[in-house]
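A, B, C and D are the chain letters, set down in written order, and residue numbers restart from 1 in every chain.
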Amino acid sequence: MNTKYKIVKAEHLNSDTFMLTVESEIISKRARSGQIVNIKCGDEGGVLLRRPISICSVDRDKGTFDIVIQIRGKGTKILSKYKAGDEIDIMGPLGQGFSLYPKHKKIIAVGGGIGIFPLLQLLKDHPAENKKVILGFRNKSCVILEEEFKQACNKLFISTDDGSYCDKGLVTDILRKELDKEPADMLFFCGPLAMMKVGVEIAKEYNIPCEVSMEQRMGCGIGACLVCVCKTKNTDDWEYTQVCKKGPVFSGDKIIFD
Amino acid sequence: MSNNIDLKVNIAGLELKNPVIAASGCFGFGREYSRYFDLSRLGGIAVKGLTPLPRKGNPPPRIAETPSGILNSVGLQNPGVHAFIEKEIPFLRGFNSAIIANASGNTIEEYESMVEILSNADVDAIELNLSCPNVKEGCLSFGSSAGGVYDVVSRVRKYANKPLIVKLTPNVTDITEIAKAAEDAGADSVSLINTIRGMAIDVKSRRPVLGNITGGLSGPAVKPVALRMVYEVSKAVKIPVIGMGGISNCTDAIEFLLAGASAVMIGTAGFENPMAWVETIDGIEAYMTANSIDSVTELIGGLIV
Amino acid sequence: MSNNIDLKVNIAGLELKNPVIAASGCFGFGREYSRYFDLSRLGGIAVKGLTPLPRKGNPPPRIAETPSGILNSVGLQNPGVHAFIEKEIPFLRGFNSAIIANASGNTIEEYESMVEILSNADVDAIELNLSCPNVKEGCLSFGSSAGGVYDVVSRVRKYANKPLIVKLTPNVTDITEIAKAAEDAGADSVSLINTIRGMAIDVKSRRPVLGNITGGLSGPAVKPVALRMVYEVSKAVKIPVIGMGGISNCTDAIEFLLAGASAVMIGTAGFENPMAWVETIDGIEAYMTANSIDSVTELIGGLIV
Amino acid sequence: MNTKYKIVKAEHLNSDTFMLTVESEIISKRARSGQIVNIKCGDEGGVLLRRPISICSVDRDKGTFDIVIQIRGKGTKILSKYKAGDEIDIMGPLGQGFSLYPKHKKIIAVGGGIGIFPLLQLLKDHPAENKKVILGFRNKSCVILEEEFKQACNKLFISTDDGSYCDKGLVTDILRKELDKEPADMLFFCGPLAMMKVGVEIAKEYNIPCEVSMEQRMGCGIGACLVCVCKTKNTDDWEYTQVCKKGPVFSGDKIIFD
């Protein structure tokens, strides 16, 4: 199976975040929002594992998709050196994406940090009439993709940890305020575990279904090695479930945050 | 490629169409990789480690990357041997590839019962895992002494009606003694190496990276150690040896064959390259063509010292 | 950097200005690296393994590269302890860095005589090498059993009038037992790990790459194994532990300190980067500054589990 | 100590051989013919060790030196990707070079394979009046640096294993013929062990001093690790001597070829 694709654009969004646009008829056709791709970094310094990255945006006509990557360690550092024209080795799309139910007329997507990326295509694809999105960033210089999100939703809220841009404070506080103003049919969360945990609690409180996108270090990326698990409920017990295959998107009430 | 090239190997009566086997724990029950290539290409598939009852496994994170290697601490998460027999064997039998059931237990009695159950199931061989470093009971504690290995293997032997492969741990002073104990107790073959116990620390959080603190090292980093052990064990026992540990491509696989392995298993390499198994088979065939070798058995133990 | 930062560590009475030591066998007697940096920067220098008489060592090739590691089979080539005392100590004393004499022997008597000779020589500590995998007699055969280690260490102990560090092999089932035997027999400190036995094969010639067939694996590949062993041994013994195995930079070094090492040694990394030792010292200092740590001793064993 | 230098030119000489011109005042000033440099390849795939490469030619005015590298395995493959403008990490010059004695009026240098490279600067630097060089290549397509050698000597002999260019046969046979015609004061050998062994025998036969340049896999490259040894004679015994520090050039009668 071919896993080699061409990068048609490589662009830095800020000092430590960059976007790659990759040409792939097959991935862009199949990709559902919330799904991931698993990228080979090259084996500089003996880096073996692929890195899981969310599909941020898809252009199904052009047959391309965008991923946005924040430099964290060795692997993402290597990926940041890719240039337009380079070949990149990508497995995907993998895993389960967000649920797009027509009955959900009003949705709110909440994202923080690198968790904002998969929400862009979610907003583009979701059939809801009213789409709000709440994005949290560390500070002003971290704010990216603002225009793209604005275009993809009805209302965009931004908060920064230090208040250096827009609101100061937690995305979940903004969510609460919005829900107090106007109910929603579905909530989506993607970001730090602590944020998603509070998010799921709020959803429960307001009795709204929700989905969360989980993160976990991965091995195979396709469900075969059982290293990428998170704790989930089953009928009368709990189990460890593969984030790569059964997730990364899970129903909020499935996850055991402990 | 040429039809004259014979890739078949025989492991104690278990005939494999080629010497490349998917290593246990890295290949699930084959379903996921069946989207990437035809599983019938493989000599065999060693399925995820099975236990009598389902096991939840260890808390995440379960993987850490290390230079040219990975640490894992899965801890034998599996649906239990009965679910395997019901749901997975029928799927795997859809392919023409040997099914090797990898079996673990907490006690000798559990090992006995596993071998009995699997002897009555439609699998081609049983690989007794006496070497998982990620579970507290059983396994490694039996596997790390010659006496322990002898006890377990001699006790399960009578229940086994198919080739019994004993998987050895590298975390021992002298692996040849352990291999000899397995042979003496009636093992038909030994497979090695399982992972080497290791650890990773995140200096930012000052915590271990793995939820289980320690894990098992695999991947190219361990290849020199695995190769040395396969070489030593092949000289020490008469039963066939299955070699593994860091094999990523045909060159690596041929090194293990030359060192004395009758077949090889590949695990970690598949994470980076889902075609690693198939490319290794093709590569061995190409090497044989280039070097006018008709049967892969000519390579086994062919090291010139 | 700030003067408030204290890098000093104490290994059983041996005070080191910082916890970074050049590992034995990778640094000769310091002469060559003295052209690259001021040897006084180092906490200590463990010199090339010494024996009573000069040794020729093993036939070449003596090195093979493996993924993120190297295999070596030098086999203790050295000019003998007397030549070391006459020619090398005066040179090394020109620097302000602890001299650690790494000593081996074929028999217990040779170990006794080495310790006696070195106790009368101007060195700051003696590192008893019970772990060289590349010589036929002595060394590893003593070092791979708790009984063997106990015998040698208790016999040499009475001759040692300076800190006695016992260097352990990782090629054992349970390194904590070996470390405890060394401690019980009177060792002041243990250092670990020496190399892991391994092998490389050239598929073109179908021969082992090393003249000695097998060799010892070192470098980043072994780091996870070394770190795990240092963690386990630090918990098992009360004497200070010196950690090594694959340390290439300050992050690696800090991992070993957190795991419980009181000092670290760096060997293989210097081949790629002759400034590895100095950069590691500077990096530890920078990490301490960034994390408001005044004394490096606060890092030792600071792992949060 | 700085070990980073700039590549000013990178050029392929044939399908598997390339030349790098490196800018370094200090190395080009210090380098003696026959000495080596030890080059970091980068750590792609976990390649750790530097690779020893002979200094092929030095331009002391420009402050540059040339190295010529044949792609053999992982390390040289990585090095082959370097381009002009790239930075390269080089330790050197290292080891002992060839002896340049004015009393040697007539010299013959004999090289085979990658062993020809260090001979170029030897010929340029040697004060002899009469300099002959005999180079062996596998076949015509392997012949490189012919013009450069021609310029640096009085007489150039080339042989190929298959006779596809110039003479067919062994360089040592040509040497013998030349020595029968005209004596020489000094011989230099660099190439495969078998060739150097015969070379040293011929030198002995004709009672001419000679030097050989040895090859061995290296670790530190500076004499500290004792991995790069070859067998040499000493007063009444033999010993293993570091090729990197005491060599690579040795007096021919020091080496034990067995």
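The rule we apply is simple: a residue touches a chain if its C-beta (ideal position, glycine included) is under 8 Å from a C-beta of that chain, and two chains touch if they have at least 3 such contacts.
All values reported here derive from a predicted model rather than from experimental measurement.
**Student:** Show which chains lie in contact with chain A and also with chain D.
**Tutor:** Under the touch definition, chain A and chain D have B, C as mutual neighbours.
**Student:** Which other chains touch chain A while also touching chain C?
**Tutor:** Intersection of chain A and chain C contact lists gives B, D.
**Student:** How many Å are there between the centre of chain B and the centre of chain C, using C-alpha atoms for each centre?
**Tutor:** The answer is 34 Å.
**Student:** Rounded to a whole Å, what is the gap between the Cα centroids of chain C and chain D?
**Tutor:** 36
**Student:** Whole-Å distance, chain B centre to chain D centre, using C-alpha means?
**Tutor:** 47
**Student:** Can you list the chain B residues in contact with two or more other chains?
**Tutor:** 64, 66-69, 219-221
**Student:** Please list all residues of chain A that touch 2 or more other chains.
**Tutor:** 43, 45-46
**Student:** Based on the touch definition given at the start, go ahead and assign the chain network to line, ring, star, complete or other.
**Tutor:** If you draw each chain as a dot and join those that touch, every dot ends up joined to every other.
**Student:** With touch defined as at the start, can you tell me which chain C residues reach chain B in the complex?
**Tutor:** 64, 66-69, 71, 144-145, 171-174, 196-201, 203, 205-208, 213-214, 217, 219-225, 227-228, 231, 246, 251, 254-255, 258-259, 287, 302-305
**Student:** Can you tell me which positions in chain D touch chain A when the two form their complex?
**Tutor:** So the residues of chain D touching chain A come out as 42-46.
**Student:** Could you please specify the touching residues of chain B with respect to chain A in the complex?
**Tutor:** 25-28, 31-33, 35-37, 48, 56-57, 60-70, 72, 74, 77, 219-221, 268, 270-275
**Student:** Which residues of chain D touch chain B in the complex?
**Tutor:** Touching chain B from chain D are residues 45-46.
**Student:** Would you tell me which residues of chain C are touching chain A in their complex?
**Tutor:** 67-68, 220-221
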